[in-house]
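Pasting in a structure now, in structure tokens, and then I'll have a few things to ask.
Chain nomenclature is as follows: A, B, C and D, assigned in order of appearance, with residue numbering initiated at 1 for each chain independently.
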Amino acid sequence: MSDFNPRIVAFVCNWCTYAGADLTGTSRMKYSPQVSIIRFPCTGRIDFMLLLKAFANGADGIIVSGCHPNDCHYSSGNFHARRRWIIFRGLLDFLGIDVRRVQFSWVSAAEGAKWAQLVNSTAESIRQLGPFSCYHKLRGLGVE
Amino acid sequence: MARIGVFVCHCGENISATVDVLKVAAAAAKIPGVAHSVEYKYMCSDPGQQMIKNAIKEKNLTGVVVAACSPRMHEPTFRRACAEAGLNPFLCEMANIREHCSWVHEKSDATTNKAIDIVRTLVAKVKKNKALLPIKVPVTKTALVIGGGIAGIQASLDIANTGHKVILVEKEPSIGGHMSQLSETFPTLDCSQCILTPRMVEVAQHPNITLHSYSELESLDGFIGNFKARIRKKARSLDEKLCNGCGLCTLKCPVKKIPSEFDAGLGMRPAIYVPFPQAVPNKPVIDRQNCTYYLKGKCRLCEKVCPTQAIRFDQEDEIIEADVGAVVLATGFDIKHGDFFPEYGYGKFKDIIDGLQFERLASASGPTLGEIRRPSDGKIPETVVFVACAGSRDPAKGIEYCSKICCMYTAKHAMLYKHKVHHGRPYVFYMDIRAGGKMYEEFVRRAMEEDGVQYIRGRVSRIYEREGKLIVKGADTLLGARPMEIEADLVVLATASVANDGAEALAQKVHVSYDSYYFYSEAHPKLRPVETNTAGIFLAGACQAPKDIPEAVAQASGAAGKVAALFSQNELIREPLIAVVDRQAPPLYSTCVGCFLCQTSCPYQAIEKEEIRGRDGQLIKTVAKVNPGLCQGCGTCVALCRSKSIDIQGFSHEQVYDEVLALLNRGESDV
Amino acid sequence: MKTGYYPGCSLKGAGREYSESLMAVADILGVKLPEIPDWNCCGATAAHNVSHDLSLALPARILAAAEKDDMDEVLVPCSACYNRLSVTRHELLQDEQLRQKISGLIEADYRGSAKVINIIEWLAGISDLETKIIAPFAHRVACYYGCLLVRPAGILNFDRPEDPQSMDQLLKKIGATPLDWAFKTECCGAGFSVSRTDIVAKLSGLILNDAVSRGAEAVIVACPMCHLNLDLRRPNIEKHAGKKFDIPVIYITQAVGLAMGIAPNKLGLQRHTVPVKFSASADRSAARETRAQKSVPGEK
Amino acid sequence: MRSDHDVQHCRQTLADLVLEKTGVDVARCYQCGKCSAGCPLAVDMDFPPSQIMHLLQLSDFPEFSELALRSHTIWLCLTCQVCYARCPMELDIPKLMDALRAESLRLQKVNPKARDILAFHRAFLDSIRYTGRLFEMGQVVDYKLRSRHFLQDLLQAPGMFLKGKLHFLPERIRSRSLLGRMFSRTLKVKEKRP
């Protein structure tokens, strides 16, 4: 399993976590390159179908991260995201996706270190879980 | 067919040190739809930007991806460059291969491949970008100021002096607020009325200010630049145009024993009254709860004596509608009253009064004409105990915060008392003295050193009455917390400053957020102290938190500045990254089914109902419509929409789905 | 609805007239007050001064016994006992672990079903009390609540800790004129009546002084400890204060008893150190007078 | 509220102990002095309540926790609850005093001035321990033996007796053995008599 490099997609909000990840960069902290970021205005915008899409297209793990509760740039978007996530978790289970493959978190614009740590710990736990091959088989079957 | 240009930046060594930029540029060139791909040392430099501009023209590109630093850094720069080359700025995206790649990973193929992934992702996105035009919203250049205290007055005058119209709404019969009740003001001890009343008159006479006193906001709809306000003008029972303010009616009114609000209950007023002599407007109002005519159906004495026949018993409330572009909330504060201090007997013993009552006692225009006489028997008190933090910093009483103004006005009260009663003995029980402010500490020192005010460091445990004296049981924590008793003739409690009764209701009317104490919340505690979370609504004075006069005035001028800035252009120009509801040709019109789930999720009340009607005018369907003036582009509605009928420009379904696919599906572009 | 009775040690000894008067009143009201079988001392101040667990175990055992005898509520006239029992019930219902621990100590499962009520709650709960009043207790009285009846308010939530009113209301019912005075809830020295008589003399002196200076004819108490300190300790008080106080200290049940026309000796008034001059008969006339001129100073 | 982190990283102070036993967090006390101002016995105390609180706040200095444990105050406290009723921070000082008394006993640091008070409490408890109820006569005698105040109250005793307030024989309850067990389980620690 050691040579396995998981592909992890991070769905982050523009105001807190994206800025936080920028800070990780400006403070030159290193983290595992398996994670790529996709930018959204707010976690409230993140449509969880996207997560399934990502899995179906070869993602082994996913990070969803936004502003801390009550810090949302749009005052309540992250609460909607959190509520939706709670429901979505049940759906994941139903779809046979190990909930541990999705990491939901809050990273503020000031938490560059937390971002690095989040990425590394997620990468590590996904490495433990191994490649999400069963779902990758869906690719090209028209289900994505 | 898309013709995308990719511009890879070395950022000096910042990117090229760990990412093989040549490889990235080469790989990008192979991505379907990429018509041009180059790398350069400094893309953000003039030659770099020129490079992009030329490419746009020569290769007539339909989209640009700059693979460099974070969009939070240079997106505006490159979008401007594109615009200058005639490409719609919203067709330019940035691939962040510095903060999110070169800086956080070691030099390796993996790092370079990640950079390529990022570029591919953004290329996929930009292919689906649409040319967008900035949103323009017209601005109604009239401001609504709610609250006619010193903050409201200052804001109104400042806005009016920039040449814009102001509507000032005050719920009391006169403007002036709490400041008009004060005797002197710290730290200068100049008379409150002397500095305030000229401002009040200025408001009354200013050509740009329309004053609605004895009025309240009924409702507020609309959005920044385009609010619609409905104002309830409460019935004064008086024709203001006819009334010349002679005051004969107030003299003749048979009902005389009503506790005066202005004198904090220490003085009396008639049923038809002007709150105080310098009131603006100087027109009486009939207090219908206490007027004999309204209670018993006869009297009408005021009507008989009125030389101009201005009394109107049958007058009704009037609703005034006004279009305004901005709102300033300046509703001020109140102090805590009532039976919340049983151990002090506040509200039980006549000679235990609060700060505002002391102001009236000390005021030359007050019920005692400025002589300090205690309410119970009118005697001049020989010993006065002032209790600071009466309710403030007291979780047990439900108020954890510091009321901020008490330390200063208590020192002032003790001083004024000493100035008026030279042989008097003023004692102040305090916990800490918070005198941060220009000349404030000096002022408190003066009270101690020059006026001999005795400060005792400790909180009073109990006050009870014995043979006409008030026994104050305290302790001095600087003397081993030794308990002590003072036989006082008068006790003044610096009761906590709290938000006004109506604060919550008003906040809900105008959709601004407030804290657990009903003080209004600023948009950012440090950087946006006068804005609220609702665009176009600003804060001034103690409705946001306890404040003294200088602070309230400063914030009022700040709010006025914000309003002036808003009114400086005819149209508001905003980034078009907002939600839009799908529209189709008849007979479908829209895929929206009108469930309005989006409406429930929108934090900005930006989603409206639109009725689609046929030529015959009969309703075909009701669908959602986004108000471009209000939408801030968070996209919560987008993720929530069941029929995917609402989408957000700049982060559309097409764009983000393609990003995901592109990121995960390495094509032949991979190395 | 079964109401049990917990007299507590004092009401069997130094405060026996409290119990006697209560019983006399209960007779007239036709209420039965069965004692909790084989009850023990609540531990009073001594226990919680020495061991927290013991201070909980002793009352817990009492309440458990009451529950075993399926009593729905327990009348506890002594404020000290009332306080200990209430606090124990509160603490054990708050903390399951503690409840089990203490249940172990008392070798019985304490559930907390039996409610603890004080004398004022009990009297106020009696609907036809007024109808039994034949000789209104027409005197100006200072109702002395002491500490333990109202504090800690959070746990007892019976009356507000500052300037409480419940006893005053009750005294109004029986024809008395409660005065507004300052020492309603000041401490009398409580558990120090034997060990630190000097302190008791000082504190109790202040209380009597305020009551007398406001023209009270009697101090009404609901606690044998307060009574002990204010009545039995009168010589010490007077010695300490350097002046005489002849104001009597009467249990609330004695006042009610007198108003019901019960003979003073049946209410144990003869047991007081400070002689009590009121008697049911004398009151009848006094009552008439006050009905005639109905404005007594201090009346609200 | 002091965080667990702090507690585990520094050795347990008296303040930590109080927090653990009573849930009263002395860090919340901001020394307003309202408790001392209202305490009926503050004048008789070596440290009024607010100062006890401050001693605890500084109790990682051994000399200060020592002062608190050896103070006369903790034994003078009447548990009249005035401090608690009026504390703006709603700190249960009486409960805290109980905890300090227990600790003071355990470490045998009882203030000599508290001798009589403690003697009385012991006499009281012993009386219940063996009879189940308070036997005032017996207790008073026992107390006098411990405190050696033989003459105090002699004037009152006969009067009380005549008024039928003192009995010469104690009431005994049936479940005395249980009480005996309850006592021995809760009062394990053997302290020297003051």
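Assume contacts are C-beta pairs under 8 Å (C-beta built on N, C-alpha and C of every residue); 3 or more make two chains touch, one makes a residue touch a chain.
In this text, all values refer to a predicted model and were calculated from it rather than measured experimentally.
If you take chain A and chain C together, the chains in touch with both are B. Just to note, of B-D and C-D, the chains joined by more C-beta pairs in contact are C-D.
Comparing per-chain C-alpha centres with the mean over every protein C-alpha atom, the closest match is chain B. With each centre defined as the average position of its C-alpha atoms, the distance from chain B to chain D rounds to 53 Å.
Averaged Cα coordinates give chain A a centre that lies 58 Å from the centre of chain D.
In this assembly, the C-alpha centroid of chain C lies 24 Å from the C-alpha centroid of chain D. Separating the CA-averaged centres of chain A and chain B is a span of 36 Å. For chain C, residues that reach two or more other chains under the stated contact definition are 161-162.
In chain A, no residue touches at least two other chains.
Contact with two or more other chains is made by residues 343, 462 of chain B.
If touching chains are joined by edges, the resulting network of the protein chains shown has some other shape, matching none of path, cycle, star or complete graph. Contacting chain pairs (ordered by label): A-B, B-C, B-D, C-D. Residues of chain D that touch chain C in their complex: 21, 40-41, 44, 75-76, 78-82, 84-85, 90, 92, 94, 98-99, 101-102, 105, 116-122, 124-125, 128, 132-134, 136, 140, 143, 147, 152-153, 155-156, 159-160, 163-167, 171, 173-175, 178-179, 181-183, 185-187. Taken in their complex, chain B has these residues touching chain A: 70-73, 96, 98-101, 103-106, 108, 110-111, 114, 117-118, 121, 513, 533, 577, 601, 603, 632-636, 638-640, 648, 650-651, 653, 656-657, 659-661, 663-665.
Listing the residues of chain B that touch chain D in their complex gives 343, 389, 393-397, 431, 457-462, 473-477, 480-484. On chain C, the positions that touch chain B within their shared complex are 160-163, 182, 210, 213. For chain B in complex with chain C, the touching residues are 342-343, 345, 348, 462, 464-467, 471.
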